[in-house]
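See the structures that follow.
Two complexes, one shared chain (chain A), two partners (chain B, chain C).
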Partner chain A sequence: MSLWILDKGAVAPLVNALRADYRVIGPQAKGPKFVFDPIEDPAQLRLDYNTTILPPKKVLQPPEERLATFSMGSEPRVAPVVEAEPTVLLGVHTCDLHAIQLLDKVFSTDYPDAHYLERRQQTIIFSIECLEPCDEHSFCKSMGTLTAGEGYDVHLTDLGLAYAADVATEAGKALLTRYGTVREATDADVRRLNEVMGAKWPRFTYRLNFDAAELPALLSMAYDHPLWDELGERCYACGACTIVCPTCYCFNVFDETNMALTEGERWRRWDSCQLDEFARVAGGENFRAARAARQRHRFMRKGKYIYEKIGELGCVGCGRCIRACIPKINIVDGFNTIHGGG
Partner chain B sequence: MDNGKPKVAFFDFACCEGCQLTVIDSLQTHLDLLDAIEIVQFREAMSEKGENYQIAFIEGSCTRQEDEERLHKIRDQADIVVALGACAHLGGINALKNLHPLEDVRKWVYGDKAAWYDTYPARPIGAVIEVDAFIPGCPIDREEFVRVVKALLLGTKPPIPDYPVCVECKLKENVCLFDLGKICLGPVTRAGCNAICPSYGAACEGCRGLIPNPNENAMKDVLAKAGLTVEEIMSRFTMFNTYQLQERMAEEE
Partner chain C sequence: MTTSSIYLPEMGRLVQVESMTTLEKLFTIELPGGQSLGHDPGQFVMVSVLGVGEAPISITSSPSRSNGSFELCIRRVGDVTNALHGMQAGATIGVRGPFGHGFPIEKMRGKDVLFAPGGLGLAPLRSLINQVIDERSSFGRVIVLYGAKRPNELLFRDELDEWIARDDVECHVTVDRGDETWDGHVGVITTLFPYVSINPRNTVAVTCGPPIMYRFVLMELLGKGIPETQIYLSLERRMKCGVGKCGHCQINDQYCCQEGPVFTYAQIKGVEEAL
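After this line comes the complex of A and B, so read on.
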């Protein structure tokens, strides 16, 4: 829509101004790692973060959320609960931005999810261009998520002393001009932006040995691949890989009642296909009892099933599942093994 | 007189009574517990000793012959027996003594009076009587106790997780202790504690027991790669789970 320039010194005043009217969430340090959390002080904001433990999906689909309240007795009552508030989400990397677009599709297809969609509708996203890989586990370039042309309200690129702010929506423009101090980009700024963008690509490496577009076809031939048993031997089934995944959206629903059992609340919590109970059904049968079958399911979801459902790969190459895995199961190695082994 | 509330009794065997203390503690935040149940016997909290009860919560492990008689008597009276805490559920730290000759252990504790105290290897109460439900932990989690009471009142299965502590730890977005160079039993230990120890930077010691289907070999691999000796690895596992490990080894032989 238009390109603006936001001086780095103007970021803190912008964040402070936004906080008056919005919940402002951005990356901040937690020990040696980073997390997306509400910004109480602009000094907490770390736009130079590498990656976060949980992806920003937690802002749109919280790990636990209340769905409804109910009362029992002669006249039972159910009242849906949609908890959303005006939010500005700062510093989203482009892999996570692609993941949010995927979640948007998932939660609006078949059964539109009022809880997610209302929160999404009230969220304004400031994404940021990655100029360096987060670490050796990033494979965004292989997954085509190294940059983004849409899905944001404002997209920042670090030009050194200032950020280029690509404004894509009216909401983004209103926010930036009302709460911040910006100027329109000059030809010199555009040249600088092009230089920065041109220089970043060689810093990232392709980590898949093949074109990711081949994944659905490759996986359709790999149901009986020996890789799954090997992964099953190593996997703890702790669910870390799916919990930190920006595109995993499965949840479990449960009720909490008061002590008198007269009223209660319905909640949902992130679930994981890696857990023993996930595929256990009434009667005790578990159709993915083996850890190997569950790891296969995860790889299939990321490289095939989600693609078949919505036309996009379910992996954005953020590398979080690799970092979170204590026995070091590596999805890139896995995909490459399937490619190499046929 | 019958007020329609289920009658509940608490009992203790070899334990520190910390789980019963947590039950008492839960009454501070959940006063309505007393509207829902009637406690008829609870040595740590009251003088009365009612023998007419439907639900028995038992803390502690079985370490003596005479414990068995008392456990059977409770089982005969109660409709529902709940193992309360790691000692009743697992044998817990009491079972550490099972790793040593009984004579040595008794001499160590009772000195020259060892002959007066006839104890045998510690076992979870489930090894002696049938147990309908358990609340894991050393000590138990207050909120989990309340959830289990509600489930018993509703007649549903108590919601004790089958998945490992890692799930709750990740949902809380804790920095993984393995990333800080620490050793943690979270990947093979039953969740439900809301990852309280790792949340404060302390490694999980497995007080809630192994998950039903743990990948022990993967855990041993990871611990070995972290530079631990077999003895050190075993000492991590045996802190709370000696009885289970010995049972497994006996089965394998």
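After this line comes the complex of A and C, so read on.
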């Protein structure tokens, strides 16, 4: 839509101004790592972060959220709860931006999920271009998520002393110009942006030994691959890989009540296909009892099933599942093993 | 916030609760304002006991006999179903649905229909059996082969007797182990198959039961030459949403709550997680 320039010194005033009217969430340091959390002080904002422990999906699909409140007793009543507030989500990397677009599809397809969609609709996203890999586990270049052409309201690129701000929506433009101090980009700014963009590509490496577009076909031939038993032997079935995954959206639903059993709330909580009870029915039968089958299910969802359902690969190459895995199960190695390219 | 939620149950009223066995009860439910559930045979609803939780339950009544209510035959086996068993007529429960793809009755018209339910598997099949009986002239032969473990575990005994008494339904019932009250057939469900000869090309088979039963019933059906595309199964899975999002019911790439719970054998043949 238009390209603007936001001086780095103007970021803190912008964040402060936004905080008056919005919940502002951005990357900030937590110990040696980074997390997406509400920004209380602009100094907390770390747009130079590498990766976060949890992806920004936690803002749109919280780890736990209320779906309904109810009263119990002889005439029980139930009322929906859709918890959403105007939010600005700052500093989303492009891998996570692709993941949010995937979640948008999942929660708007077939049966629209008002809880997610209302929150999404009230969220304005300032994404940021990655100029170098988060660490050795990133494989965004292989997954085609190294940059993004859509899915954001404003997309920032670090030009050194200032950010180029690519404004894609009216909401983004209104926010940037109303709350911030910006100027329109000049030809020199555009040239600088092109230099920066050109320079970033060689810093990232392809880590899959094949084109990610081949993943659905490769996996369709790999159902009986010996890899699954090998992963099953190593997997602790802790579910960390799915909890940190920006595209994992499976959930459990449960009720909480007060002590008097007169009222309660229905909640949903992130769940994991890696946990033993995930596919177990009340009668006791477990349809994915083996860890090997559960790891296969995760790989299949990331590389095949989600793609077949909504047309997007379920993996964006962020590398979080690799970092989170204690026994060091590595999805890049796994995909490469299936490809057999060595 | 007025936004409607796909997870919000409607409050239905239990108008009748009837004990069937020591484990199963039949619940008759009315929706607010006497509205129809509008289900197809083979579909399911998500049933809520507020404060306890929600569980998927197949609908056992036939749309052709709705009378402004619908029926669920429920075994007490988990938290929600145990809570339901503690409820009396007049109580209120939550209902969402109907969900999923049921039995494609239009593909069965003009054909012989062979039903092979085992145990509680009769619950979802009864919906279709009664629909077929109510449109009896649209179908060829109607055969019901029902097996339960023990005589006191047989469900819908009055209806079984009605089906047996009818000239236009071939109904055979067996139990794995008899007792002093039982003078009928004894043996697993597959021992009923020799009693019926069928024309496999013109027969649609419908089966539902515990996973172990499928293997043996499928061998019989396939052994008789019924095409894989004409064998229907209704599968049970854990479900938390009913609308293809929570992930629990996934059978490889398929969401049981959306593509199922009714599948043809051709659809799930070789699918490791299916049976």
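Basically, the second predicted complex is superposed on the first by the 340 of 342 C-alpha atoms of A that agree within 3 Å, B and C clash if a C-alpha of one lies under 4 Å from a C-alpha of the other, contacts with A are read in each partner's own complex, and residues count from 1 in each chain.
The working rule: a contact is a pair of C-beta atoms (placed from the backbone, for glycine too) under 8 Å apart; a residue touches a chain by one contact, two chains touch by 3 or more.
Note that this is a predicted model, so its numbers are computed, not measured.
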(Q) In the overlaid three-chain picture, which partner chain does A:33 touch, first (chain B) or second (chain C), both, or neither? (A) first
Q. Given the touch rule stated above, what does A:115 touch, chain B (first), chain C (second), both, or neither?
A. second
Q.
Quick check on the superposed pair: does A:221 touch chain B, chain C, both, or neither? Answer first, second, both or neither.
A. neither
**Q.** More chain A residues in contact [chain B versus chain C]
**A.** C
(Q) Tell me the contact category for A:257 with respect to chain B and chain C: first, second, both or neither. (A) both
Q.
Once chain A of both complexes is superposed, is A:300 in touch with chain B (first), chain C (second), both, or neither?
A. second
(Q) According to the stated criteria, A:243 is in contact with first (chain B), second (chain C), both, or neither; which is it? (A) first
Q. Of the partners chain B and chain C, which touch A:282 in the superposed model: first, second, both, neither?
A. second
**Q.** Partner chain(s) touched by A:82 [first = chain B, second = chain C, both, neither]
**A.** second
Q: Report, in rising order, the residues of chain A that make contact with chain B in one complex and with chain C in the other.
A: 254, 257, 261
Q) Tell me, which parts of chain A touch chain C in their complex? A) 67-68, 70-72, 74-82, 84, 106-107, 110-115, 118, 223, 249-255, 257, 261, 264, 266, 268, 271, 273, 278-283, 285, 287-288, 293, 297, 300, 304-305, 308-309
Q) Within the complex, which stretch of chain A touches chain B? A) 30-33, 35, 53-54, 58, 63-64, 233-240, 243-244, 254, 257-261, 269-270, 272, 275-277, 291, 324, 326-327
Q: Would you tell me which residues of chain B are touching chain A in their complex?
A: 30, 32-33, 35-36, 146, 149-150, 153-154, 159, 162-164, 166-167, 170-171, 173-176, 178-180, 186-188, 211-215, 217-219, 221-222
**Q.** Touching residues (chain side chain C, partner chain A) in the complex
**A.** 1, 3-9, 11, 48, 50-55, 75, 77-78, 81, 91-92, 94, 210-211, 236-238, 240-241, 243-248, 250-253, 258, 272-273
